[in-house]
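Per-chain residue numbering starts at 1, and chain names A, B, C and D are given in the order in which the chains are listed.
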Amino acid sequence: MTDPRHPTAQYPTAQYPTALGASTTSTISLLGQDLAADLMGTVGFGELAMWLVTQERPTPGQVRVLEAVLVALADHGFTPTAIAARLTYLSAPDSLQGALAAGLLGGGSRFLGVTEDSGGFLADVLSRHADAVPADLDDDTAWDALALTAVTETREAGRYVPGLGHPVHKELDPRTPRLMQIAEEEDLKGPHLRLFEAIGRVHPQVLGRTLPLNGAGVCGAALADLGLPTELLRGFSLLARTAGLLGQLAEERRRPVAGDIYLHVEHAAESVDPEPLRPRTDRA
Amino acid sequence: MTDPRHPTAQYPTAQYPTALGASTTSTISLLGQDLAADLMGTVGFGELAMWLVTQERPTPGQVRVLEAVLVALADHGFTPTAIAARLTYLSAPDSLQGALAAGLLGGGSRFLGVTEDSGGFLADVLSRHADAVPADLDDDTAWDALALTAVTETREAGRYVPGLGHPVHKELDPRTPRLMQIAEEEDLKGPHLRLFEAIGRVHPQVLGRTLPLNGAGVCGAALADLGLPTELLRGFSLLARTAGLLGQLAEERRRPVAGDIYLHVEHAAESVDPEPLRPRTDRA
Amino acid sequence: MTDPRHPTAQYPTAQYPTALGASTTSTISLLGQDLAADLMGTVGFGELAMWLVTQERPTPGQVRVLEAVLVALADHGFTPTAIAARLTYLSAPDSLQGALAAGLLGGGSRFLGVTEDSGGFLADVLSRHADAVPADLDDDTAWDALALTAVTETREAGRYVPGLGHPVHKELDPRTPRLMQIAEEEDLKGPHLRLFEAIGRVHPQVLGRTLPLNGAGVCGAALADLGLPTELLRGFSLLARTAGLLGQLAEERRRPVAGDIYLHVEHAAESVDPEPLRPRTDRA
Amino acid sequence: MTDPRHPTAQYPTAQYPTALGASTTSTISLLGQDLAADLMGTVGFGELAMWLVTQERPTPGQVRVLEAVLVALADHGFTPTAIAARLTYLSAPDSLQGALAAGLLGGGSRFLGVTEDSGGFLADVLSRHADAVPADLDDDTAWDALALTAVTETREAGRYVPGLGHPVHKELDPRTPRLMQIAEEEDLKGPHLRLFEAIGRVHPQVLGRTLPLNGAGVCGAALADLGLPTELLRGFSLLARTAGLLGQLAEERRRPVAGDIYLHVEHAAESVDPEPLRPRTDRA
């Protein structure tokens, strides 16, 4: 079919390939598997989530690390996103999906950024300094050297190392050693985690003070070591948060706080005079 | 503090209770547990999701049934919601959370309705006919009788039994027997599932034709038998879909189809004359 | 093309009709008009919004009433939706569309319900009691009688009249007389507004106390008198809110409060013990 | 109140300033105006939208240019966002706000990017080459020189000038001359528009071919010349789109196409084998 607006273009018969869900009258398949016979009751939910993204069945070790990450990131109490979800549910109890979506929409660069920023930062260092990456993952001396390079060049560029430091856990983020341990147990403590750990050791030499490794940042490193691309790390943070938000909304139904939060804000509101934005085009 | 608009009201010091996430400088707790020591690496993601909602640790059997449900509902190929998510990602690749949210926003009454509608229908029948519910869950004769009552009264009210029938799987939805079997194995084939199964047996007597039990409806019954309230069933469908949508977006990155879908629609668009809505207020 | 899953179905060549936007290489049309030559610079935004929905160009009087409604509903300070939008923007400043969307998602049954509920209630009364609707819109005696019927039957059904009463403006909602006046000036004070006004007069006879007509409810009546269907009234509330939320986000950029709101909630959080949901299936 | 986690920090009594909506029992104010007496029926919706963002009442000329922009951007037929909104409404007809939100979520970098990218690009050039900006806005020779500089340096950096070129209107985007004319009429053809127009004149010298100025890009320049900051340009595109999406959803109610689009995709789906993502961590 030719389009008069694009006389030289041609549009083939549409075909949309997918390796995900498909069905016939009597079967349902997913990722080439029989959903009922092969997946239901034998494959876990975290396991399936990773399988859906990578299109390859994860090993039990990979599943353990992934689920540890999801558990670590699922809920952090009254975060801005949890509050937003509860407020939305208060206003629109007719739409649970709206409240969940509103909560997830805060999962952007600032709130969920650490996980993907750390994973991306580490991936970038490993890529640009591929020659300095030790063949033996246990070569801590080599990791320390590469870490020193990474922290130094970051500082010189006037930037911060993502995942270094935490606003509350100023000395130790308890998620960090635990996730490192789990990854070690599953033989999945790969280059990203090793490099991050080394950064944790050597950065005081460059920055002049000691900061903890942010657990959410370690999560990013762990996901990267599972082979997940940087651009999708945020997706797993969001999946984890979905479970957390479901818990927040379930609790809001039983112990509502959104109404009180709203009243607090409304009563502490202070009416001030408008302040013009100062239009940038001043005609003399 | 009194509010001049409500002179007799008083507002106490705000306090927002939560049993979910909390943290101090050195610890992070969730549901009264130490996140790092007690949960990470030992609790699965599906397990935590249910725990977050019920605030009670589920048994292994409950986890197995829940995860079978999540796996069953996660992805069904190019559903309207999957297409919407992909189209949103095409237009706004800068926001993965926006694409996920857009996909979830279609999880409303029509697309995801079966699960919660079935669960709710069964719960309602069990509640209104509590006296007819057999003490012995294996008393199929009693279940058949109650099912006959339910189908008959629904038909007489001019309504359909939710979860009875499927647009594609006209004879058997393969998810149905599998989920019944898993629930049986875990000793969690409770009243909702039993009643639904009985409806599957007896409805031809009333409706004059045989319809399959919709797998998504069986999921609703199974979730209800796990003790989850009707109003939150949709939440678990949405959690499942989040994993599915993540898979759809990951695939869109590698095998994009959204652009082609858009072009198809654009080229098949037919410009027609406006058709006035016919304002209801016609002044003579 | 036949589908093996539906052997007897056939799918025609797709064609998607629309009277809205269309374009060729050199022209852009919208609603049958030339966008550049006929609409830009001559048609207002509120005017176009109504035209897009009804597919008929509104009269200047209709535009004035519509814009009065949109202005009335645009912003109400720190509403739950405004707070949610600001919190989302705080967490995800990378996505203005996400923050706007999060704010709009609270526009559901509870927060924005009054406008559509009032419009729908009035439409329903006018429909069910069509014989009691006076031919002469100025026949206040007839309107009072119909209003009395409506309030009485609503009370007897154990329900409330939507739009009657306001949590803050307990005596007079200032938007009400103003909107009535504007509609009167434009000769668009139709059956919905007349009936609502009559309800305002007679309800004390039934309810035993005097309540103000909620301005948002009057907005619903005014929109209904413009010929807009009940199911779309919420859409205009949402359009109005979009402008308001844009103002809230612009102000948040200059006078941020979301961070303080978050800190307030976080510090007033009280960690409590988990409280099991009490699963409904207790096996003896 | 001190927080045990931050022993040295103190938290003052919360106060949230806003110049937007406020109310007492008998009045409602907005931007320091009496909503009912000063705004309803006298201020237009587009006018209020700009006022809410800048906190300064726009002049009639500014309103005309703004509304011309909003009208130009409101609807472009079956865009990915319009399709996503319709698909969401098909799946969740219970939530109009969800369908609107889903449509807006596609308003990101790729779909709506031109307007803000153009505005931002022009603002950046004007800022970095402030000395080359003519004092006399009519000095086309000076504008041509600055435009040449801008196009050349952009090309040398390996980038494209945003807003130059259009996928469909390969010779002339009809919105461009019309918007330039309206801005001229209102004496608001400022530096951004002048520079953009000059780019339209001189770029063939650098690029070797002639491209049209994208109308959406001209919209960005016009908004910038109204004094609106780059970071908020997207907000006005989104406000415009909200009206367009409302029209799309209203039309979907009367002439549904989403179901057919879904069926088309579903039937053209092709089941393929899973293709592993190729994990990046291969342990030898």
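Definition applied: a residue touches a chain if its C-beta (ideal position, glycine included) is under 8 Å from a C-beta of that chain, and two chains touch if they have at least 3 such contacts.
Model, not experiment: these values are computed from the prediction.
The greatest centre-to-centre gap from chain C, using C-alpha centroids, is found for A. Taking only C-alpha atoms, you rotate chain A by 180 degrees to land it on chain D; that is to the nearest 5. Distance from the chain B centre to the chain C centre is 28 Å, each centre being the mean of its Cα atoms. Inter-chain centre distance (chain A to chain C, centres taken as mean C-alpha positions): 36 Å.
Chain A and chain B, compared by their mean Cα positions, are separated by 24 Å.
Listed for chain D are residues 5, 14, 16-19, 22-25, 53-55, 77-78, 92, 94-95, 97-98, 101-102, 105-108, 112, 168, 250, 255, 261, 264-265, 269, 275, 277, each touching two or more other chains. Within the complex formed with chain B, the chain C residues making contact are 5, 13-19, 22, 29, 31-32, 53-56, 92, 94-95, 97-98, 101, 105, 123, 168, 187-188, 190-191, 224-229, 264-265, 268-281, 283. On the side of chain C, the complex with chain D involves touching residues 1, 3, 11, 14, 16-28, 30, 34-37, 39-41, 43-46, 48-49, 52-55, 64, 66-68, 70-72, 74-78, 95-98, 100-102, 104-108, 112, 168-175, 177-179, 181-182, 185, 215, 231-232, 234-236, 238-240, 242-244, 246-251, 253, 255, 257, 260-261, 263-264, 267. Per the touch definition, chain C reaches chain A in the complex via residues 4-5, 23-25, 77-81, 83-84, 87-88, 90-95, 98-99, 101-102, 105-112, 250, 254-255, 257-258, 261-262, 264-266, 269, 275, 277.
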